[in-house]
Amino acid sequence: MNPAIEFLVAVLILLGALFALLGSVGLARLPDFFTRLHGPTKATTLGVGAMALASAIYFTATQPDFSLHEIAVMIFLFITAPVSAHLLAKAALHRHSAEHGRDVNDTNE
Amino acid sequence: MTQHAAILPILIPFAAALLQLAAKGYGITTQRSIGLVAVLLGVCAATWLVWLADTGGVLVYALGNWAAPFGIVLAVDRLAAMMVLLTALLSAAALLYASAGFDQRGRHFHPLFQLQIVGLQGAFLTGDLFNLFVFFEVMLLASYVLLAHGGGMARTRAGLAYVVLNLAGSALFLIALGMLYGTLGTLNLADVALRLQTLDDNHALARLACILLIAVFALKAALLPLSFWLPHAYAAAGAPVAALFVIMTKVGIVSIMRVQAIAFAPASATADLLDGWLLPLALATVLLAALGALAAPRLRDLTAWLVLASAGTLLITPVFPQAQVSAAALYYLLQSTFVAAALFLVAALVAERRGELSDLFQSGPRLHAPWLGFAFLLAAASAVGLPPFAGFLGKLMLLSALRDSGQATAIWFVLLFAGLLLMLALGKNGGRLFWERSPHHPHAIAVPAGWRRAIAVTLLVSPALLLALFARPVADYTARAAAQLHQPQAYISAVLGENRATVQREVRP
Amino acid sequence: MMRRLLPRPALSISLFLLWAALSNAASFASLLLGALLALLLPFIVSPFWPDALHIQRPALALRFAARIGWDILLANWAVARRVVGPVAALHPAFIEVPLDLRDPFAATVLGSVVSLTPGTVSIDVDRERWVLQVHALDAPDPQALIREIKQRYETPIREIFAC
Amino acid sequence: MEALLAIAIGLLTACGVFLMLRPRTFSLVLGLTLLSYAVNLFLFAGGRLKMDAPPLIRDGANYTDPLPQALVLTAIVIGFGMTAYLVMLALRALAESGDDNVDAKEKS
Amino acid sequence: MLNIAIEIGFVLIGLAMLLNLWRLLQGPDITDRILALDTLNINAIALLVLYGIREASSAYFEGALILAAMGFVATIALCKYLLRGDIIE
Amino acid sequence: MDPTFSLIAILVIALTASPLPLLMQRFGRGHAALATVLVMSACLALLLPLVPAVMNGTTLLASFSWLPDWGLALSFRLDGLGLMFSLLILGIGLLVTLYAYYYLDGHDHLGRFYTLLLLFMSSMLGVVLSENLLLLVVFWELTSLSSFLLISYKRESYESRLAARIALAVTGGGGLALFAGVLLLGHIVGSFELTQVLAAGEQIRAHALYEIMLILVLLGVFTKSAQFPFHFWLPQAMAAPTPVSAYLHSATMVKAGVFLLARLYPALAGSDLWFWLVSGTGALTLLYAAYLAFYRYDFKGLLAYSTISHLGLITLLFGLDTPLSVVAGVFHIINHAIFKASLFMAAGIVDHECGTRDMRRVNGLFKFMPITATLAIVAAGSMAGVPLLNGFLSKEMFFAETVGHPVFDEMSWLLPAFATLAGILAVAYSSRFIHDVFFNGDPVNLPRKPHEPPRWMRAPVEVLVAMCLLVGIFPQWSIAPILNVAAGAVLQQPLPAFHLAIWHGFNAPFMMSLLALAGGIGLYVMRKPLYAFYDRLPTIHASIVFERAYENLVTFARTLLAGLDNGSLQRYLALFFAFVLALGGWAWWSAPSAAPAVVTQTADAASLVALGMLMLAAFGVVSQHRKRLTAIVFTSVIGLIVALIFVRFSAPDLALTQLVVEVVSIVLLLLALYYLPPTSPAEEDLPRIVRDALLALTAGVGLGAASYVLLTTPFETISGFYLAQAVPGGGGSNVVNVILVDFRGFDTLGEITVLAMVGLAAHALLDQLILKAPTHDSEGRHWARERHPLFLEMLMRPLLPLALMVSIYIFLRGHNLPGGGFVAGLVTGVALILQYLASGIGFASARLPQRLPLFLAAGLACAGGIGAASSLLGFPFLTTAHGHLTLPLLGDIELASALIFDLGVYLVVVSVVLMVLADLGKLSVHEGVKS
């Protein structure tokens, strides 16, 4: 394997792992649910993205064919991460507001 | 066509179930017709199979054309063929009965019934232990749903216990299989037998695997202390379902007999696995069942206890791996199956006529159905082992065969004493049900049994007499079946064929 | 004719690309199969996607996607810094972004983009007031954030879907 | 490594059995799920542990034992089916008896 | 070089997953636990991809794909349960 | 006609024709009676031609095979004893038939009665004509069964049914003992054929099992012949109609016991045990029953106890074990049958005419029915042993045998004194029967005015009384021939010299007879103080004792069962686990195990981390299991780690499957959790928690240890075959998939059948199920208003085609790379479930096929059909085919029929997921339920 490519892959791997860790650190460390929500939705998805990119490059370089299927992972992750975040936020908000005696969605009525 | 005979008992109900699913929209008559034609074909196929098994050696059918031990094979010896025929007959009677209206009390009765047959027949036919697990599951899941058929709290409660215990049993089955494969590197029963014979000293795992396998079968066979689910489940099931269920304990028993005879050869590491514990537990099962019969409040409960009593009785026999004992056991198995199934149907017909009194052992109206009383009498007499019915002959054979077992005193005492208790219970409660009149319930509900149900009851009751009348050919067959069962080398050779010597095994760390 | 054969061109293309990615564009036969599936699947799923929006400006869509990719990179950097930095220095806030677009799907796209990008997570869209609820990890100036979301994301989305 | 997997299996078994012995259908389901994990891992262990040797035929590769994997697959599927059935039955029991207690002792 | 990076990557992701688990055990609210589970899933994707690189095998990729495409279903189902109780209505 | 044929024919006719009266009943009761008479006559007609041969000392044998391997044969034997009994059975049977026709006047079920009577008669004939001992047991138990039905003829009366049950319990139970005894006897001799058995007396008595065998056989004998302490069933059985008593309790059923004593005499007698057991029981019964008979107020009860006493006498005679005592025993069998049958019939007439059997009310009947009275008096005289009547003769022989019996040399007076005492009591109760019924003042308050019965009702009594006289006066001419052959058949050796005559001179027996007569009358004269004394004694009603014992047994059974099985599923499970652990522990420790620990893999950090996570998660599940949602979350983590373990150890297919199944399972659990309580209540039963924890711990340690040993033990496996054959034989390089769809496709077919049934079960179980939907969550919050969150709803639309694409991709590559029908099906399923989650059941259901069972069928048909297709080509079921297709442009395309099989799997999985989840989801759609 080309050392440059190897280096690139190594950097991407480290970057990805680091972001994944940072997202999780945020999850563990940040003070309330809504701030914690930011870590995973962004840092972690980026971490996976970098990792997938590393994989794509690595396999394309080491194997005869292209390795594109990592892209599929990213596609799905980018579609699903906001949905998870959205629902988590809604759920937390619901629980939070309802605890204070009202339902957030009651305002709609 | 002959080469496919072995798979027909599985494929016919399978195809029927598919047709019934596909024909959902065409009404109950279509469903019934498909089902009845299928069980009829099933009886024919099973009869043919018995004939084939009795004329030749062990019939081996390699599914997917992959020879044992690599592929799954069906191995049909006389025992398997006999059980297949028994299942076919039982299912025919049960379906006839159910087709008189019971099938409409819930959804999907017909395909599930056929799939239940698939599971049963597969379990009897397969020569592969993991495949046995799969067919156990097919059988169990169908039985779970059929048990719940018709609804009601009792069914759900009993069903829950039945399901959960059997799920635990399935988990254990998998553990046993994992251990067996991890030790012997094979799943084919014949191959397992072969490997067990050549095992070195380090065989604790193999023993453990085998005993766990036996424990699974003991659960299906309802050996004490794994028996408590049975009375609840069987009594809760609808009559035709309960009638079909009678065969299910036999699956466990036959499996134990088979594994014992084929895999636990006298010289093998597993030869003593049934010693010491099975006999006392089996005897305790019989006694408990007899007491249960005394305590039973309804005929269907009593019948469920009868099933347990016969299961306990049959579970004595694998402890003594002799052809004569097995021959006796198989004859006894035939009659006890029919008789208990018949009693379930009779109980339901009686309950129907007695309305809210159901089949509770309380005085009630005159039933105006002497044939029902007659059927009850016949079945009950056979069940408790009164001559000249098949139950007596079965007991005669068992007692004779077990005479030299070394434990004859205990076995004889328990079997005869339990017979007496059952006789007392049936004598008392049969009288209450059929003879005792209650002024509060002067009139029975006039429900015609209908030809289907009458035929079904007749089909199941008549063996009590026919098996006695034609005891010789039947007993000769069971003797041949038992002899074949106790010649494991023949079975192994038939199943493994040329592979026997040349099975490529690779050593894995 | 084209419309009938290819009711959702963007979807079909996406599907084809997904297939190509999944199969690593291994062989011609496989790509052909993928194309076939990309043509067929929209028909199969069309009942599940009633009144779908169509991408009116594909080129803009591509450019917008690239910009989001870049934003995600930046956003992560920013968030990462804040995550390891002093927690007390954060200014988390709930923000309501009034929307101009009126299409639920477009709003969803906007919400997703907001969720994926700098320190913001979309919580909900109030479909009566057409307001996007957003939680920001660190928003000392909420109004700036609202402006940025509207300009940077809502406007292009409205243009892409022409809504 | 073997010890680790053995511990994992034992742990899952113990937790599964303990939960199965709780008197509620829901705990039963949970316990059964855990026990299934343990059992599947055990069945899988029947083929021993081999790393980076998936049974996908390619040149010059070494392979782990594929048969236990096939068996576990079947077991997972059947286990899923059974869990689904149990859950449905539990709901039916709930509808009929009003609670999810499966221990008659606690019932009046 | 690559091997070192991979090993470091494993350590980092392993740490990340332990942190997720810590949050999972810690809560305090159920939403925190669900969030932790979701993050754990995503980290697992990274782990699988990384494992694939280490073993130079694409055999594990589908695991990552399935986690990416289906893993979030657990999260949304759990959230929907919190919101509405009935997740399919 | 061939004599052996006749022998068989008698039984075949008797048995097969027994339903005839039932069938003829519709033509009138006369026809039923006629049919009975005809059947009996036919039997008699077949029997009579055989008489000369038997009288010449021939033993006729006939044998047909039944169950030869087990010693049971349809072999019959007609010798003197059998002939004597057959004649009694058929002769008295005919008389009883005639008698019953009148006695049961006004009953509806005469046909049933006659049928049962014939059935009973057949069984009785079977007992006395059996050559095979097992066959004898068959008929023996059949007499128990048919007598059960006869005694409970008045089935709606509690007393009748109870009496029948008591009789069944005692005689049927005794029959079981006899069964066991006969099995042992046959084992000792090596044959169940009487010819062999009777010739093997020495061998039998010398055998180690002799004592136990004898006791078992005697249990059968004593119960059937109502010997003390098993006598109590017989007085109860008087609840039966009198014809039944006349038949069963004089001549037949109860005689079966003493018949067996006689039958097996050469084989079993001749030991001390025999002497003490048989004569002791007989003597005790003789005296005790005679004593009780004297105190009866019910004249039928008096006769019943007298019967017991006489049976005791006969038993005693066989027990005395001298040739002459045996002759006397046989003789008394005949005499007792004759006079007791007539007495029962006479008693029946009185009962029939008076409507009561209480001797305190029935008085002075002589003036109302002088002829019947005379007959009864004569018969009672015979019972008392009055000279010129047959009973006198055999009693004289009995007295003679008691005098100077060899066993009692020192106390030789004891036995005669005892016999005389019994004679005194017999005279006393006979006197009572005569005096109290036919004289003793006037009737008291009778329901109806008694008069002579119909002419033909009395006829049977007349015949029998005539025989009493005939035998009593002309014994040598009338009874000697048959007695000789019968006794000869019993002894199986030349008869001792004896002379049947009325007058043997003033010898000891005659003095004893005189003493008995005088003493008996004296006793009767003193009856008043004796009755007064007896009435003060506590009375024990056997029926009450029996019923109470039965109820106690039932209560015991109920208590025991309730104790064992409290309906707790958890107890069943605990028992199951404990049982398995105990059994497994035993199997493990009882075998040598020297596991060579081969650790092949060293643990690395990642694995330790995974294990740590697993532990934490498992701890989470157990500690949080009462908070159910949290527990689900933790379970999900465990599922993820298990998937990672699969990945780690080279099982990508398993990991995939595990991951998707996990998702579906969570959705499933959440659907259920909506209706289930969100939390479990706390448990307070600490001992139980400890018990469960111990069980769980043991199970965990057990399986963990087993895993470790398993993992570190090398083994040989067949799996090399799969690896070698996957590509050439199965056409796929994913060996797991090839195993699933090809090598072991049959398993997979079964597996999807299970799944399909789960789908059907969803319909079957959840159809019309009504569940209360909670309006708020566990912490009391009301549910959010918004049903379908916007982002979710919108984003799931593009996701569906993308996910479908993934599932197709996974499906197609499965044969060669990780994937396959099952995972693909689950992915499709989840993609569709997402539509339910996002847009609701109304939206999704409307867009999905309605008849999912059809899809199930299609899936199963794909999988099964491709298998069946190979059968049509002559290959076994599920044989696959595969090949390469080279197309221009496209290149090499691999085709395998296994793909169609996999398609079946796919279809089934998708349908099932939809059926289950949609049906669970639908539970809340039932309007109005959601309050």
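Should a chain be cited, it is by its letter among A, B, C, D, E and F, assigned in written order, with residues numbered from 1 in that chain.
Just so we're on the same page, a residue touches a chain if its C-beta (ideal position, glycine included) is under 8 Å from a C-beta of that chain, and two chains touch if they have at least 3 such contacts.
No experiment lies behind these values; they were computed from the predicted model shown.
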item	value
Chain labels contacting chain C and also chain D	F
Higher-contact pair (C-beta pairs counted), C-F versus D-E	C-F
Label of the chain whose CA centroid is most distant from the centroid of chain A	F
Most distant chain from chain E by Cα centroid	F
Geometric centre distance via CA averages, chain F-chain B, whole Å	17
Chain E and chain F: spacing of chain centres that average the CA atoms, whole Å	61
Centre-to-centre distance between chain F and chain D (centres being mean Cα positions), rounded to whole Å	40
Multi-partner residues of chain F (at least 2 other chains)	567, 569, 571, 573, 577, 600, 632, 648, 652, 671, 673, 703, 706, 710, 715, 717-719, 722, 744, 747, 751, 754, 757-758, 761, 765, 784, 786, 789, 791-792, 795, 798, 802, 806, 817-818, 920
Per-residue multi-chain contacts in chain E, two or more chains	10, 17, 30, 34, 59, 65, 69, 71, 76, 78, 80, 82-83
Junction residues of chain C - those touching two or more other chains	18, 22-23, 111-112, 122, 124
Chain contact graph, described as a line, ring, star, complete graph or other shape	other
Pairs of chains satisfying the touch condition	A-C, A-E, A-F, B-D, B-F, C-F, D-E, D-F, E-F
Chain A residues within the chain E interface of the complex	1, 3, 6-7, 9-11, 13-14, 16-18, 20-21, 23-25, 27-28, 33, 36-37, 39-40, 44-45, 47-48, 51-52, 54-55, 58-59, 62, 67, 69-70, 72-74, 76-77, 80-81, 83-84, 87-88, 90-92, 94-95
In the complex, chain F residues that touch chain E	605-606, 609, 612-613, 616-617, 620, 629-630, 632-634, 636-637, 640, 643-644, 647-648, 652, 655-656, 659-660, 662-663, 666-667, 670-671, 673-674, 773-774, 777, 783-784, 786-787, 789, 792, 802-803, 806, 810, 817-819, 823, 827, 830, 833-834, 836-837, 840-841, 917-918, 920-921, 924-925
Interfacial residue positions of chain A with respect to chain F in the complex	72, 75-76, 79-80, 82-83, 86-87, 90, 94-95, 98-99, 103-106, 108-109
Residue ranges of chain F in contact with chain B within the complex	65-72, 134, 137-139, 141-142, 144-145, 148, 152, 155-156, 158, 161, 164-165, 168-169, 172-173, 176-177, 179-180, 183-184, 187, 550, 553-554, 556-558, 560-561, 564-565, 567, 569, 571-573, 575-577, 579-580, 583-584, 586-588, 590-596, 598, 600, 703, 706, 709-710, 713-722, 725, 729, 742-747, 750-751, 753-754, 756-758, 760-761, 763-765, 767, 851, 853-854, 856-858, 860-861, 864, 867-868, 870-871, 875-880
Of chain C, residues touching chain A in the complex	18, 20-26, 72-73, 75-76, 79-80, 83-84, 87, 90, 92, 94, 111-112, 115-117, 119, 121-124, 126, 128, 135, 137
